[in-house]
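Next, two complexes with chain A in common: one pairs it with chain B, the other with chain C.
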Partner chain A sequence: MRAALICLVAIVHREALRFVSQRGRFLAAIVRPLVWLIVFAAGFRAALGLSIQPPYQTYITYEIYIVPGLCGMVQLFSGMQSSLSLVYDREMGSMRLLLTSPIPRWWLLFCKLFASTAISIFQVYTFLAIAALTGISFSPAGYLAVLPALIVNGLMLGALGLLLSSTIRQLENFAGVMNFVIFPMFFLSTALYPLWKMAEASTILRDICAFNPFSHGVELIRFALYGQVDWMALLWVLVAFAIFLSGSLWGYDPSRSMVRRKA
Partner chain B sequence: MTSGLDVRGITHRYGKKTALNDIGFSLDKGTFCALLGPNGAGKSTLFSILTRLFVPDAGEVMIAGHSLAREPGKALARIGVVFQQPTLDLDLTVRRNLKYFAALHGLAGKDADRRIETSLEQVNMAERAGEKVRALNGGHRRRMEIARALLHDPVVLLLDEPTVGLDAETRNSITGHVHNLASEQGLTVLWATHLVDEVRANDQLVVLHEGRIQADGSAAEIAGDTPLQARFLEMTGGGE
Partner chain C sequence: MRILWQITGLAIGMGLSIATADEIWVSNEKDDTISVIDIDTLEVTRTIDVGERPRGITFAIDHSVLYLCASDSDTVQVIDPETGKILHELPSGEDPEQFVLHPDGKHLYIANEDDAITTVVDTDTRKVIAQIDVGIEPEGMAVSPDGKIAITTSETTNMAHWIDTGTQELFANTIVDQRPRHAEFTHDGSELWVSSEIGGTITVFDRENQQEKAKIEFEIQGIHPDRVQPVGFEMTRDGQHVFVALGPANHIAVVDPKTYEVTDYILVGRRVWHMAFNGDESLLFTTNGVSGDVTVIDVESLEPIKSIKVGRFPWGAAYRPTN
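And then the complex of A and B:
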């Protein structure tokens, strides 16, 4: 038990050191949603009318609507970034070092997942703080209530990253996966538009959005920011987390073909 | 059963290609064994199996009496590994790298600090602990990886072509150091190489070629009357 905790602290510490040393990554993680918030949302404000819908009790501006989606986006990018670093670790050999530890492999992978979630949450709160400076703020209780939602969503997206990293062979292949994972997940979700708005354009698109686990992650965050729990979204995210995690444990199982590589 | 390393009937395939075919050998405590084979002989595949990066299609590995398949935690805790490819964080200090590794083995605090000091002293690198790995030359990085592999007091030390890319003097000194670890500290060493001059006459020698063991015995016995280099080329069909 003590060994497992020592291991957890060391892995989180290493990931944090790596994060701190990559200032560009942090800057990009914060600037990206701010550009959406300040530039994109301002432009869309006039074009897009939003009716009253839960959890909102009144009409809201588009900037308010988009914030939970951008929190999700920060976590989505962070999860994929962690996945990228896992592929990098494998190419550079440090993954071998990790996997030859006598600590059970599932725990080592969980430590990685925990570290990436913690880093993504730090980024989200930084983004929320800057958003508050621009006048888009929530109640103190909302900031507190969103933490468990961010943990669950971060774990789900981190597990997706872990799953991807177990299947990707080379760093070069990663750019394609980013395009095929990040963009569809983000655009085909409720991050930018509510489901009913999507349905006006196409019911198929609406159905895809409703199926996308990232939508449910965003809704979980949205409701949590107002001190509410969207139970359906929570269930959906937990199921997606369980599926992604099982897939990645399978992928990293030494008896499976996924990690077999001709050394 | 030996108290060192026991490899029994390992067979492994990549698709249709058989990378290892019924590999078996046994190393007693304190043995220095050179695993000699040309490039592509299956050495790295065998190392991946010995370190449980993947499990073989058939066969079993016993480390200090513990089965790698049935008791992976106990078995892995007893091996130290130096991979062919360096596995260091270049932007972290030597000490920070070693601390990370110690933690992966559940070691922390004063115990980890003491072990780090001792293992760095063993490779004459105590004064380099605060330097970033990027500042070290290839030889020092290798020494450091050997120090790291010994941090948790393993019984078996596995090294996969550890002298690749090093100059002759450094190569010699590292080979000598690891030989001493076997003879003086009783470590069981498996040293994979394709360089015959790293093998000493009284070392155990396992010759691997095209996934099969061609010879297993003392280097002097295997060489017989001919120089080991010539004997090795003969067994592996004329060299690389």
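And then the complex of A and C:
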């Protein structure tokens, strides 16, 4: 038990150190959604208001609509970044050191997941604080209620990162993750447009968006910011988390690795 | 905020089982109905069938009856607010659009859009006591708090017509910007405000000399000036704010009546037209014609808190206390 805690603290500490030393990474994580909020949302500014849909009780401007999607975006990039760091660890050899630890592998991976989720939540709150300075703010209860949603969403996206890192052998292949995971997940979701707007363009696009677990993560955050729970979204995110985590545990299974090495 | 309302509603419901919540009555121009909104729950509790094309809506001073301009029925209907039944009709002249109730509670001043006249009706005897020639397409109606002056604005003549209520005759006409829609006296009666839909302005007149005192213009970032069309407006009793509906700009402008400066714009539904406060003026209810809903604004924070679906093309709104 004590060993497990030492392991958790060590991994979280290492991730925190890495995060603090990589100031560029933090800056990029904050600037990226802010550019979307200030430049992109301004260009698409619906000054006449978007139609009402839950959880909103009245008409809202596009800037308000896009904020939960950008919170999700911060967590998506953070999850993928953590996957990138695992690939890096593998190339540098530090992962081998970690995986030879007597602690169960699933716990090691969970610690890693926990650390990356904590960092992503810190980034989201920093982004929300800056957004509040630009006039886009929520109630204090909303800022509190969004925390569990961010934890669940962060774990789900972190688990996806773990799963991807178990399949990527070289750092160079990470560009593929950008093209085939981050962009489709973000653009084919409710982060930028509501589902009914997607349906106007194509019902297939709408169905893809509705299937995308990232959409449900965004909706979970959106409802939480208004003190509400989107139970369906929560279920989707939990199911996706279970699938991604199982996949990554399977991917990092030592017996599988042995088999692969022998082959 | 929503939770607070729900808790308040629940507390009132449990503690005072016979007490009913205050209401906002909304005339739905294309549905020929009135939607009644419960102020505690912010939900529509009743829909009442009325005459054709209901627009102007106001309660008697003691709130015992509702007066409603049924424009295409060419009548003013008098409705029992408890039962929703039409008690009788008042002669109104053709196409009554807006009206104002004199502070004596007895005389209704009605704008007859198609006839270019203002009709004065005695609500007790149900008889027309005067018809005053005004400009073409009269619409906006106001009466001073002391009851000495009534105002009719004419949309096509672009004038505010000043009527002496003692003689029922015009004593002044003042030019305003294009298509004046609505007029109101300030609560102290010293100023008359008139909104001009096409002109995009509000003109403020000094009551004593009928001279223009100020002109207020509106500008919303990202919205073409042609869409900024001031229509209905309401003033708070404490003299802090004037709320102006900007029609297809889908915003309510907040004006400081001391400086005549626009201090804020609040996003509401599509083609916002008129509005009404609740009793303590903590909430403002705006009628949004095209989106068919009523947006509720928290007056203290100047934030919209909810939009409530009502009938098609809600036009006017009136407050009814129930306790």
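Here, the second predicted complex is superposed on the first by the 252 of 263 C-alpha atoms of A that agree within 3 Å, B and C clash if a C-alpha of one lies under 4 Å from a C-alpha of the other, contacts with A are read in each partner's own complex, and residues count from 1 in each chain.
Throughout what follows, contacts are C-beta pairs under 8 Å (C-beta built on N, C-alpha and C of every residue); 3 or more make two chains touch, one makes a residue touch a chain.
Note that the structure is predicted; figures quoted are calculated from it, not measured.
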item: Which of chain B and chain C A:P104 touches, first, second, both or neither; value: first
item: Which of chain B and chain C A:R2 touches, first, second, both or neither; value: first
item: Touched partner set for A:Y59, first chain B, second chain C, both or neither; value: second
item: First, second, both or neither for A:G227, with chain B first and chain C second; value: second
item: First, second, both or neither for A:A10, with chain B first and chain C second; value: first
item: Per-residue touch tally on chain A - higher for chain B or for chain C; value: B
item: Partner chain in contact with A:R96 - chain B first, chain C second, else both or neither; value: first
item: Chain B versus chain C as contact partner of A:S21, first or second or both or neither; value: first
item: Chain B and chain C footprints on chain A, overlapping residues; value: none
item: Chain B to chain A touching residues, read off their complex; value: 14, 19, 44-45, 47-48, 51-55, 72-77, 79, 81, 83, 85-89, 91-92, 99-101, 103-108
item: Complex contacts: residues of chain C adjacent to chain A; value: 1-3, 220-223, 249-250, 267-270, 293, 295-296, 304-307
item: Contacting residues of chain A [partner chain B, same complex]; value: 2-4, 6-7, 9-11, 13-14, 17, 21, 92-94, 96-104, 108, 254-255, 259-260, 262-263
item: Contact footprint of chain C on chain A as seen in their complex; value: 45, 47-49, 52, 57-61, 139, 227
